[in-house]
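Structures are listed in the sections that come next.
Shared between the two complexes below is chain A, which pairs with chain B and chain C, respectively.
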Partner chain A sequence: MDALAHDPVEGAAAPAHARPQLDLELINIRKRYGDFTAVDGVSLKVSKGQFVCLLGPSGCGKTTTLRCIAGLEEPDGGDVLIGGKEATRDPPWQRDIAMMFQDFALFPHMTVAKQVGFGLEMLKKPRAEIAQRVQHILKSFEIDGLADRKPASLSGGQRQRVALARAMITEPRILLLDEPIGALDYSLRETVMLELKLLQQRTGISFIWVTHDQNEAFSLGDLVVVMNHARIEQQGPPEEILQRPATAFVAGFVQGNNVFRGRVKEVLAGMLRIETPVGMFLVPWVAPPPMLGSEVSFSVRAEQLTDALSERHVNRLSAVCTAVEYFGAVRRHVFERSDGEVLKYDQFGAHAARIVPGQRTVLGWPAEAAVLHAGAGQ
Partner chain B sequence: MIGWKGRLSLTGWILGAITLVFLAYQWLPIFTLGLLSFSGPTGGTTFPMNGTSLHWYEELWRATVMNDFKPPLVRSSLLALACSATTIVLSVMAAQAMRGQFRGNGWFFYLMLLGIMAPGILVGFGFAIMMRLMGVELSWDTTTFLVQVSWTLPFGFLTMLAVFNRFDKKVEEAALTLGASRLTAFRRITLPLVLPGVIGAGLFGFSLSYDEYARSMFTTGPDATLPLAVMAQLDRQLTPEIYAVGTTTTFFSLIAVLFFTLAFWAMRRSTSLRRSSSA
Partner chain C sequence: MSTIRIRSPASYWLAVPAAAWMLGVVVVPIVLLVWVSFWGGRAFSTASPLTFDNYARFFANQTYLKLALSTIVHTATLMAVTGVLGYCIAYFLVMKVRSPGWRLALFLAFVVPFWTSTLIRAIAWVPFLGVNGVINQTLMFVGATQSPIEAFLYSRTGITMAQVSLYTMLAAGPVVYMLNAIAPQLREAAMTLKATPFTVFRRIVFPLTLPGVVIGQVLVFLNVMSDFATVATIGGNKHALLSNLVLLFYEGSQIRAASVVAVLLMICMLVGVVIALRVVDIRRLGAER
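Let's look at the complex of A and B:
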């Protein structure tokens, strides 16, 4: 899709080049450690200059996937293609990548200038060129005053910049970032996220960003890949994952979804009637419809619920409010369903509080607000 | 009544005093020997000192063949240097291998430590017998060297294991992703960071070999090392010359330790090894 950035090697129609070159392609990557499967059949395509976020709980395989891309781990099966070239068995130092580590992994014995220039030194660049490029990148990252300092004397934010400068200086095709702002103070993160996003757009380097923080993933990623138990659960643009979670796991992992599990009782025109422990609900289906009696799950976003019911809200549920949290723009009500699970109801806008903790309320939502999950009912 | 802070400082004073007594107990004998080595030409090996002079140091310098300590001193120094260098190379390699968690690394670990546990006399004696059976000529620079390395290596190995234990392997990985090959990463990143440990392993190698007696006793062949020569002299006649030997070598050891302490200090100033990394 990014035809402009593609090599201008053309003239006549070149069928071999017809496919736009990908920065990265993972084909069915598998990695095991003894009995533990860390990555299981992960496939991913990253086009030129894309910002990809690997999102998932800890131990889901996102970091191992990243390390397979870096070459720090060798996958047991599958292929890694970097810039269209087979790189599965290449060592890290021969790959067109750079990596930023969670706690930055700065070289404690080198000055800032020395370690930022390390990548160029490895490329056997002349000394004068290294000095000049280091000077330039330190200036553009606003850390030129730190050139002669050692990492031990730097603050968290400064270390982060040094690590980024060290990784970016060779202008790699792909920058791999393993929880790159996880070690920063909370107050710094928003600023750094914005800076990194702008940097990525300006340089056109593909970023692969591993995080367990969905705010990071959804606000930064062009493509968000949700992983769980060594597999990809869903990949797509943030809007798609937020609005149409593909599995019960994704719906439950992404904030603000209410997940229901039940059995198909009736298949209607475009609708399913699903029986759950807390009642019967109408949920739209997408082809192919699930079998009658099969186990399914669906989710409804918390802001789609209402307590001001009309005949549009065909799905209804009575629950007891346990807590109300007020965030300014949104008031979140936490309910307990009759099966003990939590039900969340977000009320947007500065409305007056209508529900108090302890109150039993009937909540409803229109049938089309519910999203049926694939990978039925596990 | 004093508060718990008061009791805490009292405890501190008591423990401090015990420590001082212990240090005196450790150092006073050496100091006494040092003092007696400066007694006059007619002085004996016990107090009171008969005058003060450098007589016994002169004796040490113009020695006869019978009691010349210079060749054993040279042998012991060379042997210690060789043991030190060998210990450094092998212990770094062995500790690096342990990081890789190879199959049977637990057994390897315990077999290495066996060198510390095994009684020196038996090791030396057994080794000498084995060499005799194999028809190998015993000599301080071959057989003694081998048997001493088996003694110094485990200490260096343990030192390097401890150092690598708190080594952040992400730093190496960062170097690899920046285009450094494994060898370059070792040379430019790993080695400088574990250098204090390497020096420690080297010091172990040197000092353990330098004053080793039990393992040398049966394995040196005709040319003795310094501890053996001192022991032989003690058997013949006891003069303050022995004290002069001890004082001289202690003096050189102190200089060496001082040098390495300064080197450590300078390195710590320029590098903070204690990184805020967990795991």
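Let's look at the complex of A and C:
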């Protein structure tokens, strides 16, 4: 906001109408490698100090998107705006970003202090200032005891801190993180995640975090971007993606959804009657309603199902329980539907178990618990 | 028994064949060489008294000392030329050639000549460098010179040209290996830390390939110091280095003088290798990452 107040000429690249300055804007990014499309029409807006998670299966284009932002790949089409300035053709060393790599990419021949100070050295800062800032950041990351060590003698967690300190010390506008905790022990991840989230909030640097782990994405991201096959399937806050998956892919990728595919049989006031291989179901529609007879998909979250049925639960389905998993907070029942697909039903963990494996049960859910997906039910 | 423990009897027995071989063809001859170089008197027999006379005679002769100096200068020149050229070739092969097919083809083109012996490759240079050789004919054809240049064959220039072609791959090979071992992310990380490509090379790539450079330099150093064949073929009998002096003395049946020069040559090489080892600990390569 304050950035727009002064120097209106400088902002000529971005439209002049009043809007908060974005840290990053991607406009229709495309990238191909030969016949393989890695990124296809990706657009994204990151406002100041946002924590964005790019989530998707491997090969979905999330890392390529990150590399386009870093300048390590040049997109075939589209624009990258960093802090409102066109940066699509800028080399990495001219962009206001820093990046943390999956395996940390520490320089094996430099001591911890030397490589943490590398970014400041590149900015031609005076020696005394570099030494003082390195000392300060090492202290705040609790690795000041390692200043004279080389990366080969560090543990995974220590390397992660060094890599983070090295990237953060120049105080970039955006920090790009490529699976930053994927190389850590599982027990360390939760602590490190919390630390990183707090660090991000304290510094106000925008984080763009690439991951295939939905726990990471949903617990960290202010904005979660779900990608598949080089495209963005859905972007929004975690609640929205969890509660209202936009496509069948998102519903299937996010844990705890039951996905149904079928054909529109009847369009009622606010409701669709959908015929699926396992029965007829009522699903609310949002404008515009799909055509009669068109193929659609919808999903119901596992915790929305119940076996204690009342007349609210208009959608019903009979299935055989194959397994029960107890997680403490929830008790997950895995059922086999008559079409061979899996149906998941989560019961509040504190309630007594009612269903045993092998038992046939009728499960139901209220019509408004189902979420209709956009696009044809692919 | 699945593994052989260190210092177990089996491990010693396994080392016996190699140790016996090394003793027979390396250690014993060198000891003999050193011994013979101290023989005094006139008779060539094991009963000779041991003196420093042979060495004193060598160091008293200005011609020999000049020869030793020019051997060192010549070797240093070759190390510099092959070092720069080899690094450029290695960098090009690893960093610039993207297609694996091309890389293999170019690599083979560089390596295949090494399947012939050094002597043959040295002799092969003669028709190139001669007065009516390929280089002169080409230069005259394109009009770069009116009369053939005689400086190529039987000259220091010719020897240097031939040896550069013979030994550049020795300098390039270890660098190729080291460059291949550098993860691309290291260069990318440096770039995102605002390092320009030249700085990335100076601060990241070159320091990480330094052990390869040193090993290459050691190989070139040892080969050039001991190469008498190229000098003899291309240099005719106008030019000689220390190694040719050994041959000269040997052919003149001056075995004691020959062994003096051989011992001095070996000392030079040892000193060179020791200096290289001080720069880079070759034995610890690979353990680094």
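Simple rule for what comes next: the second predicted complex is superposed on the first by the 360 of 378 C-alpha atoms of A that agree within 3 Å, B and C clash if a C-alpha of one lies under 4 Å from a C-alpha of the other, contacts with A are read in each partner's own complex, and residues count from 1 in each chain.
We adopt the following convention: a contact is a pair of C-beta atoms (placed from the backbone, for glycine too) under 8 Å apart; a residue touches a chain by one contact, two chains touch by 3 or more.
Note that the structure is a prediction, hence the values are computed from the model and not measured.
Visitor: Using the superposition on chain A, tell me whether chain B and chain C clash or fit.
Guide: clash
Visitor: Does the superposition put A:L123 against chain B (first), chain C (second), both, or neither?
Guide: both
Visitor: Would you check which partner chain A:A152 touches, where first means chain B only, second means chain C only, and both and neither mean what they say?
Guide: So A:A152 meets both chain B and chain C here.
Visitor: Per the contact definition in the header, classify A:P366: touching chain B only (first), chain C only (second), both, or neither.
Guide: In the superposed model, A:P366 contacts neither chain B nor chain C.
Visitor: One more residue to check, A:W93. First (chain B), second (chain C), both or neither?
Guide: In the superposition, A:W93 contacts both chain B and chain C.
Visitor: State which residues of chain A lie in both footprints, the one left by chain B and the one left by chain C.
Guide: After superposing on chain A, chain A residues 70-72, 91-93, 95, 97-99, 101, 103, 105-109, 118-119, 122-123, 152, 166-167, 170, 176 contact both chain B and chain C.
Visitor: Mind pulling up the chain B residues that touch chain A in the complex?
Guide: Those in contact with chain A are residues 168, 170-171, 173-182, 184, 188-189, 192-193, 270-273, 275-277.
Visitor: Show me the residue ranges of chain C that touch chain A in the complex, using the header's touch definition.
Guide: Spelled out, the residues of chain C in touch with chain A are 183, 185-186, 188-196, 199, 203-204, 207-208, 288-289.
Visitor: If you look only at chain A, which of its residues touch chain B in the complex?
Guide: The contact residues of chain A facing chain B are 70-72, 91-93, 95, 97-99, 101, 103, 105-109, 118-119, 122-123, 150, 152, 166-167, 170, 176.
Visitor: Would you pull the chain A residues touching chain C in the complex into a rising list?
Guide: Those residues of chain A that touch chain C are 70-72, 91-93, 95, 97-99, 101, 103, 105-109, 118-119, 122-123, 152, 166-167, 170, 176.
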